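In what follows, chain A forms one complex with chain B and a second complex with chain C.
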Partner chain A sequence: MASSILVSAPIEAKRPGWLSRMPWTGRVGFALLMVFAFAALFGPMLTPDAYLQSLADALQGPSSRHWLGTDQLGRDLLARIVAGSRISLMIGLSATVFGVVIGGVIGSLSGYFGGLFDTIMTRFMDTLIVFPGILIALMVVTVAGEGLTNVIIAVGLRAVPVFARLVHNSTLAIREREYIVAARAAGASGARIIWTHIRPALMNSIVVLAALEVAHSILVAATLSFLGVGISPETAEWGAMLNSGRTYIFRQGQLVIYPGLAIMLAVLSINLFADGLRTVIDPRRSKGAHIS
Partner chain B sequence: MQRFLVIRFGRLLLTLLFVSLITFVMLRLMPGDPATVLAGEDATPEVIRDLRIKFGLDKPIVVQYGLYLEKAATGDLGQSIRSRSPVIEEVAARLPNTLRLAGLAVAVAFAIGILLGVVAAVREGKWQDVTILVIAMIGTSAPSFWVGLLLVLAFAVQLGLFPVAGNDSALSIVLPAASLLPPSIAVIARLTRSTMLDVLGEDYVRTALAKGASRSSVLWRHALRNALIPVVTMVGLEFARLLGGVIAVETIFAWPGVGKALVDSISTRDYPMVQGIVLAFAVIFALTNLVVDIVNGVIDPRVRAH
Partner chain C sequence: MARREWTWTSALALAGFTALIAGAQPASAQNIKVLLTSEFPTLDPSETGGELPMVLYHIYCRLYSFNDKMEAVSDLVASETVSEDQKTWTLKLRPNAKFHDGTPVDAEAIKFNIDRVLAQKGSARILFQPITDVKVLAPDTVALMTKEPYPALRNNLASPNAGLVSPKAVTALGDRFGVQPVSCGPYSFASWTRGTSIQTSRFDGFYGPKAPYAQISFQFVPDVSTRMFLMQRKEADVALRFGPQEAKELQAAKVKVNEINGRTILYQLNYKLAPTNDLRVRQAINYAVDKEAIIKNVLLGSGTPSKSVIASDTFGGRPSGYYEYNPEKAKALLKEAGVTSAKLKLYATQNRYYNDGLVGQAIAGYLRAVGLDTEVILMGDWAGYVDRIGKGDFSLYTLSWGSSTGDPDRIVQALFHSSRAGQTWNFGSFIDKNIDKLIEEGAATVETSKRLAIYGEIQDKLFADAPWLFMYRTTGYMALSDKITTIHTLEGPEFPYLFDLPK
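What follows is the complex of A and B.
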C-alpha cells in the first residue's frame, strides 16, 4: 500500500499543469486574456476618466498626456478602450452563461425525454442556428428595446441553439448507457438523472464551446453597438467608439484603428485560449483542432 | 433520392412558417399599435379605427396571422411606413446588390482560402503552415466592420484609389467585398488544410507517386479533387454567414442592399420593412441550406439515409 503511494506520487508530480500542457498559441491567448481581464478589473483606476470631456482637447493625435490621442469630445482614447474591456468581457460572459443555461435546459430535456417537445424544439433550434447571430440580436433589441440587459439577452439568445444542439446530441448519445439505465431502474427521476449523471459527462465539451462562444458574443455585441443599436452611443464600448469615430476618419484615423484592434485582440485571445483548452481537455480530437 | 428531396423541401416550408410566425409575433410585441404608427402623429381616432379595420387589426390574433400568411403567400408583405411603397418591391430592388456583394466575396474567399489551405498542408509544420494558421486565427477574430474601416482609411482616405461609399462606379464593390473576406478565407483555408492532410495520407496518393506521377500532378489532380468535397459543401454555409457580415459592411459603405435597409428600417421604426427583410433573409438561408443538403446528398449517399 505504502509503496504504491510512493510510486504514484512522483508520476503525479510530473504531470504538468493544464496551462503548460497547452500549445504555445493557447498560452499566448491566456496571457493576452489576462491583460484584458486586468484592464477590465483595475484599468479604470489607473487611467484618466473615460467620460471626462474637454472640448479644447478634441481630436488630438497621440501625445504624452493622451497616449492614443482624444476623440471628438476630447475624451482620452486609451482610457475609453480600457473601460470598454470591462463592458465587452461582461457582455461576452453573461451572454454565454445565458446561452449555456437556457440551451442546456432545452437540449437536455428534449434529448432525454424525446417526444413531441423534442421534435418541435429540434426543428426550432435548427431554424435559429442558420441565422447569423447579428440578425437575431438585431431583431431582439428591436422588440425588447435598448439597454445593457436587453443586449445581453439578445446576444445570449443567439448562443442558445448552439448549446441546445450540443447538449441534445450528447444526451441522446449517452441516454441509453448502462449507468443511466441503472439509475433509472433505481428510481431516479429524469431531472435527477440529467443533473447528476448526464451533466458531468457533458461539462468538458460545454466548457470548450462556451469559451469560443464568449469570443463570438463579444463580436456580435460590438457589431450591435457599431450599428448604433442597444447600448447608448455615449458608452465607452468598442463598437460604439468605432461608430462615432467613423465620422472623423478623415481627420483622426486612430479613432477607427485602436478600438477595433482591442476587439480583434480580445476575440483572438479567447479563440487561442479556447483552442488550447480543447487540446488539454480532449487530446484525441485536437489533431483536427484547427477546424472550428 | 425522391423521398429525400420531398422531406428536405417540407423542412424548408416548415422553416419559413416558423420564421413568419416569429416575425409576426415580433411585430405584435412592438411597443405601439401598428395602426397608430401607420396613421402618423396627429391622426384622429376615426382614422386609426378605419386603419385597424382596413388592416384587419380588429380581428383575433390567430385570424390576423392567417390573413398575414395568405397575403405573404401571394407576395404581399404590406407597405413600408417610410416610403409608402410595397415592402416586396423595396426588398426586390435591393436584394440583387446584396447577393452580388456576398457572391463576389464567396468566390474570392474560396479561391484564396483553398490556395492557402493547400500550401499549408503541403508545408505542414513549416513556417508557411504556421504563418497561414496564425493569419487564419487573426482573420476569424477581426470584425468585418473594422476591416472595412481600415480599408477605407488605407485605400480611400490615404491613397484615394477607391470610392469611400456608394455604388456609383465599377470599383465601388471592391472595398466592401474585401472587408467581408478575412473570416471566410480563414475557415476555408483551415478546412482545406485538414482535408488535404487526410487525403495526402491515403494509399492512392502513395500509389500514384510510386507509379511515377509527378508531385504537382498528384497534388492538384489526385489529392485536391478529393480533398475539396467537404470544402465545396461549405459554399452554401459560408454564403449564409457572409450575409450576416453584410449588414454592418453595407452600412459603412452605404451600399444599397438589404443589409443597410434593415439597419435604416430599425432606426426609423419601419416595422413592415424589418419584417419583410428578415423574411427575405430567411428565404435565402433556407434555400442555401436546401441546396447544401441536396449537394451533400448527391456527393455522399449516406446523407440521404438520414
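What follows is the complex of A and C.
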C-alpha cells in the first residue's frame, strides 16, 4: 500500500490535461466510472420502478419490456442494477470520506505531536489493521444494527487505520523539514501547521489511496449484504441481489450474473482509474513500480 | 520356501477378498447413513428442536406410538383401562421390555419418568401436564390420574418428546444423560462425535419386531449442495430437507425422492396495535395477498394454501374457507375501516423455512399495492427473532407449526389461548373468552364426534376473525437410496421412521 512518503510538486496548470496524461487503461476506467455515475444520478428516472413487484412476470428472460429480465418477484432486473449503482457508489464514497476524515485527523495529530497519544493511537491502528476489513464491518453492523448509515460507518471504520497510517508516516517525515521548522519558529500553532503546511503535501497520495478505497468499500458493502447483514434484503443492492439469486444460479443465471458483473465492473473501473491517477500525479514512482 | 509362502498369502488374500465381496453386500445394506441439517445440544427427550425428533424416534421407546395413519396406538402398553369418569388410566405394560442397560421397563420406571418431566421446565412438560398423579399398582401396572378427562393423553404420550429414559442411567449419569442416552427403543445409542455424527446400533433386546438395519449413523451436513452430492454419489441413504429445485435435480440424477407435507406457515397479526386490531384490516390483509402466485413463483410449487388454523391431517382439521386474492375487496375493506395511511412492520425469518425471506418481501409488495406501507425486517438468527417479536411492535410476523402428536389441543392452546397472550406463540395477543372455553372443552371431551364438532367450531370462528394472514402448508422433499427398504413417513411430522410401526 502507498504508505511511504510521497511528496511531489503540485500539478501545474500549463501542462496538458490530466486525462490525456493518463495511460489508456486509466481512461477506460474513467469512462466506465462515468457510466456508473450517470446511472447513479439519472438512471432511476429512466428505468421502471426497481421495487414494483409482479409475481405473474417472475423469472422472465430478457424482453423488450424487461431488458435484462425479471427476478423472483417479477421486479425489473435492469432497474434494480441501476438503482444498485446509486447505493453502491454512495456507500463507497461516504465510507471513504469517513475514513479519510477520521483517519486523517488521527494520523496527523499523532504524527505531528507524537508522545503518549501517538503511541496509543499507533498501537490501536496497528491492531485494527490486522483485522480483515470485513470482520470489523460485520462486528460494527452486528452491534449497531441494520440500516444504511450503520453500514457506511461500518465500512468506513475499516478504512480509518489505512488512512491514519499513511498520514501518520508522512507527517512524521515532513514535520522535520525546514519550512515546517520555520513556520513553528514564526509562532504558527500545531493545527495551523498541519492544515496549511502539511495537508497540501499529503493530498496527492491521499487522493490515490482514496480512489482505491472507494472500490474496496463497495466490495465490502456488497459482501455485507451478501451475508444478509446491514442493508434490508429488499433494497436493490448488488450484494443483496446476489444473495437472493444464489439459489437460482443454475436455472436463472441472470439473477447472479448481472449483479456480479456490476460489482466487478464498478470495482475494476475505479481501480483502473485510481491507477491512472497515480501515474498522472507521480509519473516517476509509477514507472518505477512497473519495472520492479 | 519364499514361493510357497507367496502362494499361501495370495490364496488367503483372494479368499479374504471373495469373502469381503460376498459379505459386503448384506453388511453394508445393514448400515445406513442419514443426513440431517443441524446438530442439537442434547438427546434428552424433554427437549425439542430441529431434526432431534428423528433421532429420538429410533433411540427412545414410548408408552404409545403412532401407526401409519398417525393414530396413537399402544406400544409399551399391553392393555389399558380407562375409568368410568375418564380420569384414571390403568396401564398394563409389556412383560418383556428392557432398557438398553438391561434394567426392566416397569411401573416404577414409568412413574420415575413422568415425575422427572413434570419437575423440569423442558418442552416435554406440556405433554405430561394433564397428569396429576402416578400410582404404581403392581410391578407391571401403573395408574395415571388426570384432573379432567383428557382424551389426547394417548397422543401426548406417543410424541417423540415423551420418550422413556432408564432411571438407572439417569441416576448414574445425571446431567450427562443427554449426551449418553439410555432408553428402550429399537436402536441403542453408541457414540456421538460432536459436530459430525451420532451412531446407533440395533438393540437386540428390543421388545418389538427386529429393527431392519444393523446400524444407523446420523450425520450433520448443513450445506444442501453437500447433501445432494452425497446422495448422488450413493454415500448416504436418507437425506432430509431439500427444496423443490434440488428435488428436481436429484430426480434427474436418478435418486429416489419422497414428498412430505411439511409445516404450516402463517403470519400472526397483532391485536394490540392499530391498524391490525381492526377485523376489517385483518381481512383486507388476507384478501390483498395472492397466496397461489407466491406458492407458484416463490415456492416453485412446493406448497398448498391454508384454509384453516388446523392442518387437514391433524385430528379435527378441516377447511373453514379461503380468502381468495381480491385486491379490490381489500381496498374497499380498508376504506370502510377508515385506514388511509398506515405503516406496517412485517417481520420474517431468513433461511429458516424455504424462501421465507422472499415470501416476506412478496407479501409486503402485495400490501403496498393496496395502500399499506409495509416495512420488511428479515432476521436470520432465530433466538434474536423471537426476542424481537416478544417486544410486540410488529404488525405481522411469520411463524410455523407442525403437529408432532396428531392432536390439535397443543396447537390451539399455544396459539390462541388467552393465558398465552403476549407470550410464545400468542405474541399477537389474540384474546377471546369464547374460544378459551371451546379450547378447554375440546381438551376434555372424550366422545370423538363431540370433539370433532368443537374443533370445527373453533376453526370456523378463528377463520372468520382472521388472527393470521393465512399462508400455506409447505411440501418438503427427502431423498432415499436403494438400500432403504423399511421407511414410514407419517402425515403430520416431517421426519421418517426407519423401522416398522405398531399396527
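Quick note on the criterion: the second predicted complex is superposed on the first by the 271 of 292 C-alpha atoms of A that agree within 3 Å, B and C clash if a C-alpha of one lies under 4 Å from a C-alpha of the other, contacts with A are read in each partner's own complex, and residues count from 1 in each chain.
Here, contacts are C-beta pairs under 8 Å (C-beta built on N, C-alpha and C of every residue); 3 or more make two chains touch, one makes a residue touch a chain.
Just so you know, these numbers come straight off a predicted model, no measurement behind them.
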Is A:V256 contacted by the first partner chain B, the second partner chain C, both or neither? first
Which holds for A:A188: it touches chain B only (first), chain C only (second), both, or neither? neither
Which partner chains sit in contact with A:T247 here, chain B, chain C, both or neither? Use first/second/both/neither. second
Where does A:G228 make contact in the superposed view: on chain B (first), on chain C (second), on both, or on neither? both
Check the residue A:L148 against both partner chains and state whether it touches chain B (first), chain C (second), both, or neither. neither
After superposition on the shared chain, which partner residues are touched by A:I174: those of chain B (first), chain C (second), both, or neither? neither
Which chain makes contact with more of the residues of chain A, chain B or else chain C? B
Which partner does A:A56 reach: the first (chain B), the second (chain C), both, or neither? second
So, A:V267: does it touch chain B (first), chain C (second), both, or neither? first
Which chain A residues come up in both lists, the one for chain B and the one for chain C? 228, 250
Taking the complex as given, what residues does chain A use to touch chain C? 51, 53, 55-56, 58-59, 72-74, 146, 228, 232-234, 244, 247-248, 250-251
In the complex of these two chains, what residues of chain C are touching chain A? 243, 245, 249, 290, 293-294, 296-298, 350-351, 355, 357-358, 361-362, 364-366, 376-378, 380
In the complex with chain A, residue positions of chain B that touch it: 11, 14-15, 18-19, 23, 26, 29-31, 133-134, 136-138, 140-143, 145-146, 149-150, 152-153, 157, 187, 190-191, 193-194, 240-241, 243-245, 247-248, 251-252, 262-263, 266-267, 274, 278, 281-282, 285-286, 288-289
Can you list the residues on chain A that touch chain B in the complex? 25, 123-124, 126-127, 130-135, 138-139, 142-143, 145, 215, 219, 222-223, 226-229, 239, 242, 246, 249-250, 253, 256-257, 260-261, 263-265, 267-268, 271-272, 275, 288, 290-292
